[in-house]
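Chain lettering (A, B and C) follows the sequence in which the chains are written, and residue indices restart at 1 in each chain.
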Amino acid sequence: MKLSKKDLLGIRDLTVDEINLILETAESFIEVSTRDIKKVPTLRGKTVINLFLEASTRTRTSFEIAGKRLSADTINISSTTSSIVKGETLIDTAKNLEAMNPDAIVIRHSAAGAPQILARIMKQPIINAGDGAHEHPTQALLDMMTIKAKKGKISGLKIAIVGDIAHSRVARSNIYGLTRMGAHVTVAGPATMMPRYIDRMGVRVCCRLEEAIRDADIIMMLRIQTERQQENLFPSLREYANYFCLNGENIKLAKDDVLVMHPGPINRGVEIAPEIADGPYSVILDQVTNGVAVRMALLYLLTGGK
Amino acid sequence: MKLSKKDLLGIRDLTVDEINLILETAESFIEVSTRDIKKVPTLRGKTVINLFLEASTRTRTSFEIAGKRLSADTINISSTTSSIVKGETLIDTAKNLEAMNPDAIVIRHSAAGAPQILARIMKQPIINAGDGAHEHPTQALLDMMTIKAKKGKISGLKIAIVGDIAHSRVARSNIYGLTRMGAHVTVAGPATMMPRYIDRMGVRVCCRLEEAIRDADIIMMLRIQTERQQENLFPSLREYANYFCLNGENIKLAKDDVLVMHPGPINRGVEIAPEIADGPYSVILDQVTNGVAVRMALLYLLTGGK
Amino acid sequence: MKLSKKDLLGIRDLTVDEINLILETAESFIEVSTRDIKKVPTLRGKTVINLFLEASTRTRTSFEIAGKRLSADTINISSTTSSIVKGETLIDTAKNLEAMNPDAIVIRHSAAGAPQILARIMKQPIINAGDGAHEHPTQALLDMMTIKAKKGKISGLKIAIVGDIAHSRVARSNIYGLTRMGAHVTVAGPATMMPRYIDRMGVRVCCRLEEAIRDADIIMMLRIQTERQQENLFPSLREYANYFCLNGENIKLAKDDVLVMHPGPINRGVEIAPEIADGPYSVILDQVTNGVAVRMALLYLLTGGK
């Protein structure tokens, strides 16, 4: 089976059937990473370029492992070593890479829309690994995979997303995906971190954490980008934590079998208390495991591997 | 077949027969990168070290893809992570790498002559991926391959090389190669960018772009290193572009079937107008594609792969 | 055969039998790196993560080559590109990596004890590739392998270790290993570079190079970290060299068949004179060659490869 799309640019573009196809394919790849020999010959002789023009460890590592477990040749290009510093345009970089006949390009870029530019001019499949504050579709897919694995479904679940909604590509991709899959999504965060017109995305908006997580099946905590404090989006980390840190007390408002998720890296004691991050409700590390499988599925589906 | 040389240090050292052997081998490798499974077992179990002590994306990526498509194990070492920062000499770095039994070393270095030092002390084949303002032989080989593929020959062609001739290793390697292959080479650029005694290299020297490209079969535009402007080699980028930018107007002076080449990354609107870079005469992306094949050929010929 | 340990954290933890098992396994792997096809399928489908949170070329390259020659998939993570910069704790980084199902983690870290932390929380084997001023066990193992290969034994040999004993993880690991294997170890260096209570480690302590190397079978010179001079551990490099540089004159005090070792990178003319580093007594490059074999042995023994 194959996705009818050439690229994975965002969740917004995906139908329910496409999301289900990706999740089911990912589920079938989970087993590969538990084998003694964690490798299938599916993408032997394919070249996957990881073009990471914004710093990242976990996503790049996850894609690299995914590619290698499918037997693809993986090439890493990072911003610090790239000729971007020599002033080449992204379009010229893309055309140059295309001329080397890769089979897929995974791109992370600090500018929203960069993967779209590549997709338009390159014949190869483009996978968005995070573009500015726009989308981070593989994160949302691994989140949905984790929810489905733990809850058996997504439809009908009450899901709270808490934190810096306005600047979070993780939040945007999850809002698109979860609402499309029939979940009831509530978002919460400081007013300075809430985008205008967010209600038009089909979500309920709260100002307070407690309100958002009441009776929730799933709580997704977003990373506070501590480097952003200087922009005065909130007075201090302590102040933020006072109001929006998920802890052993306020979590009692959620359902008894609530799942706690976080895209990582986590700020312990800022948006999430250590006892929650490491506690029984947390599926944070399942998310990481599922991330490799989701990326294997996308590389497979988009390059038409056999 | 095998090159009789241990190393590829520069085009200056190559005979016509050796250049032809490399180009023909490269032509036979072009097809590998168009397959569904882009991989041949030729260099399985060989270790290729890419020692890039000067920043580079395209050349390192091209060599890495070339190695992987031949099934070699590729190891990247870049200046930022190397113990060069700990004050080790290049000779000691080389001896250490040699002791790990690699099968080939690809080196880029900001100092002219660095690959020669390695070649002298290491038993393994050394491939020069660009040394200071000295030579960039794989670039010249891929340029010659592109010319031969498009024009069927190199001998007798009128070829103009335009830009910062004095500081360009691309220009030097191409002048050696193209004159040896029987082309008529003309160079042009500002007087501050023209090396003394350049005429002794067997080329015609012009001060004006228009004069150099008149009736040319091939125009090679060199990259202006915009970071070098502070050295006052030219008053401003705009001034440079006024006199030396190849554009839709002045290109009419060349032959109707002229080919436009550029080693990249290009500065749009400085040395080359966008309509030329992206236009019908441009073979810039063919150069990139051929680069992978040329590097595969050299890794194959120098390591005696089967 | 397999090590009964999950991890290789330090030489201090190893028994004589364990050291011998590692050295004998390493000896059997030496041959692989001399083959035409330098690759065995032993670790095919295994994922080895090189987590280098402190700069290193030679050790990372050595581990990467070792992994690839065993057919493992190798993933490099370095500090400059890691999310450590985003403030994630080492423990969270470790848990995240664990969730991606690697088969071994090689870690270098500037903080002593970092590998121990990983070993405690991760189910995968951890290999210490150098932690602060604590241990560098693979260096000591390759040193012991080199001694055994050249002298046929370790027991009973007179071994001098000279330099900055206090800050050297290489010295510590070698003192543990060599004394355990029955060698007579003497250490020498400036008083500012000699740890208190060093004599409790079972070594003889000298203040002068000449005294330490008299009748020595083996001299190990340590690297002076020239960047440390500002800490005023010694007045100047020249002063240090006057007293502690191994040269053609003072080496005559040692046995006629003395071996000179150095973990590299060397400071020529500081701790070792060029004529010694490049001379007949030097086995510095044998150490490097053996390093690949020792790392292959450890990856093999700890991941239970077949």
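Structure notes:
In the analysis below, a residue touches a chain if its C-beta (ideal position, glycine included) is under 8 Å from a C-beta of that chain, and two chains touch if they have at least 3 such contacts.
Everything numeric here is computed off the predicted structure, so don't read it as measured data.
It takes 120 degrees of rotation, in steps of 5, to superpose the Cα atoms of chain B onto those of chain C. Of all residue numbers used at the contact between chain A and chain C, under half are used by both chains, marking a mostly different-residue interface. Chain A and chain C have Cα centroids separated by 40 Å.
Within chain C, residues 80 each touch two or more of the remaining chains.
Of all residues in chain C, those touching chain A in their complex are 44-47, 49, 73, 75, 77, 80-89, 92-93, 95-103.
On the side of chain A, the complex with chain C involves touching residues 33-39, 52, 55-58, 60-62, 64-65, 68-69, 78, 80, 226, 264-268, 285-286, 288-289, 291-292.
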